[in-house]
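In the two assemblies presented below, subunit A is common to both, partnered first by subunit B and then by subunit C.
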Partner chain A sequence: MVHVEIKAEELFAIGPLIVTNSMVGVLLASVVLLLATWWFTRRSAVVPSRGQSMIELPIEFLAGVVRGTGGKRWRQFAPLILAIFLYVLVANWLSLLPGVGTIGLAEEVDGEKIIVPFVRAGAADLNFTLGLALISFVAFIAFGLRANGLRGYLKELLIAEPAYMTPLLTPIHLISELSRVISLSMRLFGNVFAGEVLLATMLALTTATVFILPLAFVVPGVFLGLELLFGLVQALVFALLSMTYITLAIAEHRQHGSDDHSGEAPEQGAAPAHGSA
Partner chain B sequence: MDLHTLAAGLAMGLGGIGPGIGLGIGFSKAMEAIGRNPEASGTIFVPYILGLALTEAIGIYALVVSLIILFAS
Partner chain C sequence: MGPDQGDNNGAPPPNWGVAFDLGLRLGISVILGVGGGLLLDSWLHTSPIFTLVGMVLGIGAAMYTIWDVAKQSMGR
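Entry: the complex of A and B
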């Protein structure tokens, strides 16, 4: 059976700051993103070269989605959504590289030798995903405050539509706001962590067959491809959900009760999201 | 056999029923909608992905719980 550690293992400590192997993975993702940004903005041109257009393609796709569903103020939060998307995507895909989660120091715990890897998938640690979810939480509260003002926001949050329903609906509303953080972070963590466990299990199951059939090369490869897809989908889901929460927070203002359907649904822009099939 | 193993298997197995049905309904409806109106596939895509994520979250909760039962207790 494979050894699975739910929390990120501690590598070393600088004073009170404990550096875990997931932090190394996240830092790696940041470094890769920074280098890529520097490299591709250094020589970016209006008429893109081949590499530049390859980088621009996913960004343009997501920007198109944000423009299509984000309403009138999409320009204000598009950078945040794109940053979340790229960060999670790079962190997820970096964790599929060979050596992540496998190269490390051997340690003896309870008479059993385990490997403490130097690098672990960033999102396989709840701290990373919870941090991102909190950023998105603060963002959608801030955008709601900015769009509706403090009074409008508090009114929206604390007073239900028929006023006599307030004691019943307000707790539900508050809990649903808070549960967004939990569901955002748990979803990403669960997916990535389960992916890591799945890959390790598949490898462990097929390693024994390596002298008879080359299953150990085929089966984990299939699941690696699946994890590539899941990494993309989860990054997309995280970014799109953050966008939806922000759009809802901006749009939800029912001023006088009479025309409350004017700004409720996020406007579907005339231009459909291109490149989505 | 440990009861932990049984608990983890039950948590995941029972927890997978609901999201499975839900995802199936959502997917079939999305396909129906695209079949009726193929031009709208771009508009359907984003809400579909969001609904998929929200439905799947329940399954992920079950997964996290069963992983915690298996490995952290």
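Entry: the complex of A and C
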């Protein structure tokens, strides 16, 4: 029986805190990342071993992307972008492990037996993706404030040019800003949740053919491979869009040529301005 | 890591992530405008004034997003 609930299922409650299976998935991702960080910082060497090179590969790749496209101040936000990328990547890939989404408690709902899994993909819960999007939103507002100052930022956000267009353009501008958060969160949630549904459907379809090898193993295997790729792409898209928003928030400052509030020395050969938002 | 600028290390072209973003933001802008208008109308009992205003603002926000993204891309 194919059963994928759109909202995360409740496992147990600790006082007022309801623990859901997607929270367990996200906690597992956090633990994996923390353990990897602990192991990596203890055993890393200047001349990397083969294992260290494997771990450094995605980090070096994304650092290259941030360095290449993040403008002059890429060092300020590179750690945040890398953290978002690794967090989403690990949470996505953990959901492909055997047992995630399939091992759980059997419950009867409306006369049908369903399984409530102990662990569910973190990003298949809108709460997780919305939380990450809000972190990203706060980050690019903070970088905008740092570059423009509070007055400059509010002027940029609320006052249009020419000034008589302000009553029309300010709500349009606010809707456009808000759409970034929703777009970031809905894209990740939609893709990961659709992947979960696809995998569950493929497993259900091919379980009946378990005696006709290799169909029962090959078909879900192909889709698991695709999910591996989609997990990477979605993590990359989320991180790069966050970076783009931050870069634009800083670039607005450059174009308008106001004073630097970040406390940094002006940089030589600044990148071309990206327009105002 | 490396120097502050220069090499792209085989990185994707600048702003390529925006292509993933634009389509979704267009729809969300309209939904936000109409949704906000519907909420205001149900709260103030002024239907359909704010729904229509919200729709116009949402479509305006979608067009503004296209203009903004195009301007940023051309700026690069």
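Throughout what follows, the second predicted complex is superposed on the first by the 251 of 277 C-alpha atoms of A that agree within 3 Å, B and C clash if a C-alpha of one lies under 4 Å from a C-alpha of the other, contacts with A are read in each partner's own complex, and residues count from 1 in each chain.
The definition used in the following text is that a residue touches a chain if its C-beta (ideal position, glycine included) is under 8 Å from a C-beta of that chain, and two chains touch if they have at least 3 such contacts.
Just so you know, these numbers come straight off a predicted model, no measurement behind them.
Chemist: Of the partners subunit B and subunit C, which touch A:Val65 in the superposed model: first, second, both, neither?
Modeler: A:Val65: touches subunit B and subunit C.
Chemist: Scan A:Glu5 for contacts with subunit B and subunit C and give back first, second, both or neither.
Modeler: So A:Glu5 only meets subunit B here.
Chemist: Counting residues of subunit A touched by each partner, does subunit B or subunit C come out ahead?
Modeler: Comparing touch counts on subunit A for subunit B and subunit C gives C.
Chemist: Touching A:Pro171 in the superposition: subunit B (first), subunit C (second), both, neither?
Modeler: Once the two structures are laid over each other on A, A:Pro171 reaches subunit C alone.
Chemist: Under the stated touch criterion, which partner chain does A:Thr244 make contact with: subunit B (first), subunit C (second), both, or neither?
Modeler: both
Chemist: After the superposition on A, what does A:Ala194 contact: first (subunit B), second (subunit C), both or neither?
Modeler: first
Chemist: Counting only touches as set out at the top, which of subunit B and subunit C does A:Arg75 meet: first, second, both, neither?
Modeler: A:Arg75: touches subunit C, not subunit B.
Chemist: Which of the two partners, first being subunit B and second being subunit C, lies in contact with A:Gly131: first, second, both, or neither?
Modeler: In the superposition, A:Gly131 contacts neither subunit B nor subunit C.
Chemist: Taking the superposition on A as described, I'd like to know which of subunit B and subunit C A:Gly225 touches: first, second, both or neither.
Modeler: neither
Chemist: Indicate the residue numbers of subunit A shared between its subunit B interface and its subunit C interface, in ascending order.
Modeler: In subunit A, positions 65, 68-69, 183, 186-187, 237, 240-241, 244, 272-274, 276-277 sit in both the subunit B and subunit C interfaces.
Chemist: Please output the residues of subunit A touching subunit B within their complex, sorted ascending.
Modeler: For subunit A paired with subunit B, touching residues are 4-6, 65, 68-69, 183, 186-187, 189-191, 193-194, 197, 233, 236-237, 240-241, 244, 268, 272-274, 276-277.
Chemist: For subunit C, which residues count as touching subunit A in their complex?
Modeler: 1-2, 4-5, 7-12, 14-18, 20-21, 24-25, 28-29, 32-33, 36, 57-58, 60-61, 64-65, 68, 71-72, 74-76
Chemist: Taking the touch rule as given, give the residues of subunit A at its contact with subunit C in the complex, in rising order.
Modeler: Subunit A reaches subunit C through residues 60-61, 63-65, 67-69, 72, 74-75, 78, 168-169, 171-173, 175-176, 178-180, 182-183, 186-187, 237, 240-241, 243-244, 248, 271-277.
Chemist: Within their complex, state which residues of subunit B touch subunit A.
Modeler: 39-43, 45-46, 49-50, 52-54, 56-57, 60-61, 63-64, 67-68, 70-72
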